[in-house]
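Look for chain A in each of the two complexes below; its partner is chain B in the first and chain C in the second.
What follows is the complex of A and B.
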């Protein structure tokens, strides 16, 4: 699993320039990051890493780092 | 994890707050934020409003999900979802999904669907395990109309080939025609299934749009109804098939034969948006496929008029292919009010 791939997914879905998203970025940092974008990111991560999240998994995620950890947990 | 938001069904007394929410967070001049008659027409059911609401700790509405029950007296009914909006940047990132889940968990139904979903939200429906797709758009062009103001037709228009045994009669009584419809075995099994009272309300009693009903006969055998609506731009007119109320297996043939009503009419074309039509039958028959066409343009927006092709996406929880039309849910409705004038 590559952190840079996850960041690329964020930048692609949020339609922001490369380098805008870091591990500390939260939804309040980027206007385009609304609840729909959150789910689109989740679906993209599921497809990229062949995993399946549950609704409760994504209720607590706030930073990009949280998403990375979520992917790591599901990849195990 | 406990949520700081409460989710519940709307009551009629919530109407003003919902209308304000739509004006503030969906579209400022949206007809549903201004027009009480239209709002009631679309969302009132007995003493309730067909909305699920999300409220914060101060009881302020922070999210809404509108829906339409096709047959509320039945447990096995189909439900169309409509307006769906949650205020951005709330502490609960999946509140929108929870609104849909609340509806699924608390209302008896066999399927839910929505025609006209935002392309950006397709991922949300996929996450929920729903089927998504695009309605196909077809049009048949009137050979006798030499000038086109609404559409950009193909360079060569088709000569219509219609069967001898088909007959389309304008209904004298929609009520009587619907009585015949609901007795058809194939219609009873149709999914989604619209009840007689829903069809009457949705099409015959629409406060602003006038729909025409044609009874369909093949060899004098009643097959169902075609619901259509005339649209106009400048001095040109076109006829749009908004719904076909018939057994699914007959729908593509009905649509193909319906062009016989175009002969000697002043319409530029007939068009239809639907899922699960027989593309082969229609494109080898009297229609052109408009979806993804570079050559032909058939608009969907008339107020303001925009001469461009528009895609209409949908989702359904039903796992078999189903015929959904532009008339399903809230798609074929006026959107904007300007100085008392209602536009579609």
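What follows is the complex of A and C.
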């Protein structure tokens, strides 16, 4: 798992230029990042890494970093 | 890039590339506008986004109306203003067992539960049909994911499994009765994927999606295929490679006796099953062609193999030579006289698939069938390219028509001039007002004829049915028979009378009978009828499209005068009082 792949997934789905998304980015930083986009990001990460998040985990994620950590936890 | 939208799908890629794909498709300027209302019992955002992509890929530019989830019946029954103003061409009703209120009630019989739900749907369908005269696409139901009665749920007269089976059966029966109603078979799609993958309970809890994203892709794809079919854009012809596609081994090396085909080996059995499947496609109207790098005679001999289900005669076009496949594909389309966009190319060789994709972009469909015969049949089947929403008897006969056309062409080469050839065809035509038994064929023709089509006006079954009851219409169909066989119902003309004038709003002919002068006979019949009804002026319009150049001069050739231009189309007129209507010497008109 690489952090850059996760960031690329965010940039693809949010449809923003490369370099816009960093580990600190949250949904309030990017207009396109609404609840629909969040679901898309979650499903794309699950598909990409062959994992399934827990419902309670998803409710607490805010920054891109949170998503990265979540993927790391599930990959183990 | 657009191959992510070809079966088998890469859902993660689709999700990531959605926006880029959409921008890419929107660059195409010849997209056809279409208005779709998606009415969801559950959340529909993702269904709409993916449906949009699949439709853009097939050349449509959809605009959508959607309602809040759960409002799917209310917006129809209580005449939501936005929906009324939207005037949908197609309405898609997206439902699921989660929203089937009575499903798990213990004290009502399965039959009663199914009837209650069906009754709600029927009211909505009727209302939609009355308000919009549009096609309706309706989901049926997958099995419930959990069953408190367990295995007994199917047998129990109140069980949820039994209820779903009964309801699906009732919905299918309704769809057989109502020509505007089309069913998305979620029951099959979910069985194929497996309910565990089809459903995503977390997604239901967090976002009220009744399906997993993977399932949404398959479902939206199926909805897009139905829409393609309703608008006459399904594929028509299967172009097949031979070596390692229709049999194991290279026939040029191992000879007819050496190819792997038949029950003796497991691989041979797989090729045999693929043959059987293709034969079934042919029997329901798909045209078959061969495109193979081989010596012609060697290639042909493969079909003399004792276990070969497919025979040389099953192929309407047979290209076995050493030319590039792209060249052969062009020739196949020309020979059969259909557009490249109607072709599906099957080849085990990834290099050939790639060349064809590069040459034709997304125009010719190239399923990613891989190189293992074990998967060919399943992939071709799931790609669902030859979708039909009803089977007209014309579909079943189509292969025969094209085959007869080839006989005609050979015959033609034995004549000195074309007139002599036309006479020798001994053509007879039946020209008569629209009849109910031909409704589905008439609608099909209006929706898929692109070349010989003056106005390219598309008409649904309901519109035609309605227009048949109006007194100010003159509508004729033509069937054509010749010494080689029956060409079926192949041409239409219809006009609307206003005072002493009639305007031809639709005139089309199937490409299978081009250059037979049938257009003369049909127009003359139309003019005679107009004269009988005391019409003085007949007006025609030519609305140019990318595909109908062939008829740009038709009105002039038939003696009409260009009187003006309006919104890009040309207006022609003929003065019936000064015009004596000739007879076409090549075609006898009689009841067939």
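The rule is short, and it goes like this: the second predicted complex is superposed on the first by the 76 of 76 C-alpha atoms of A that agree within 3 Å, B and C clash if a C-alpha of one lies under 4 Å from a C-alpha of the other, contacts with A are read in each partner's own complex, and residues count from 1 in each chain.
Basically, a contact is a pair of C-beta atoms (placed from the backbone, for glycine too) under 8 Å apart; a residue touches a chain by one contact, two chains touch by 3 or more.
Please read these numbers as outputs of a predicted model, since none were measured by experiment.
Colleague: Per the contact definition in the header, classify A:12: touching chain B only (first), chain C only (second), both, or neither.
Modeller: Second partner only, chain C.
Colleague: After lining up the shared chain so the two structures overlap, which partner does A:48 touch, if you call chain B first and chain C second: first, second, both or neither?
Modeller: So A:48 only meets chain C here.
Colleague: In the overlay, answer first, second, both or neither for which of chain B and chain C A:40 touches.
Modeller: Touch status of A:40: both partners.
Colleague: Please work out whether A:58 is in contact with chain B alone, chain C alone, both, or neither, and reply first, second, both or neither.
Modeller: Both partners.
Colleague: Identify the partner contact of A:28: answer first if only chain B is touched, second if only chain C is, both if each is, neither if none is.
Modeller: After superposing on A, A:28 lies in contact with chain B but is clear of chain C.
Colleague: Once the two structures are superposed, pull the chain A residues common to the chain B and chain C interfaces.
Modeller: Overlap of chain B and chain C footprints on chain A: residues 35-36, 39-40, 43-44, 53, 55, 58.
Colleague: Spell out the residues on chain A that touch chain B in their complex, using ranges where they run on.
Modeller: Its residues touching chain B are 27-28, 34-36, 38-40, 42-44, 46, 53, 55-56, 58-61.
Colleague: Where on chain C does chain A make contact in their complex?
Modeller: So the residues of chain C in touch with chain A come to 11-12, 15-20, 45-46, 202-203, 205-207, 209, 213-214.
Colleague: Would you mind writing out the residues of chain B in touch with chain A in their complex?
Modeller: 1, 86, 88-90, 92-98, 101, 118, 120-121, 123-124, 126-127
Colleague: Quick check on the complex: what are the chain A residues that touch chain C?
Modeller: It comes out as residues 8-9, 12-13, 15, 35-36, 39-40, 43-44, 47-48, 52-55, 58.
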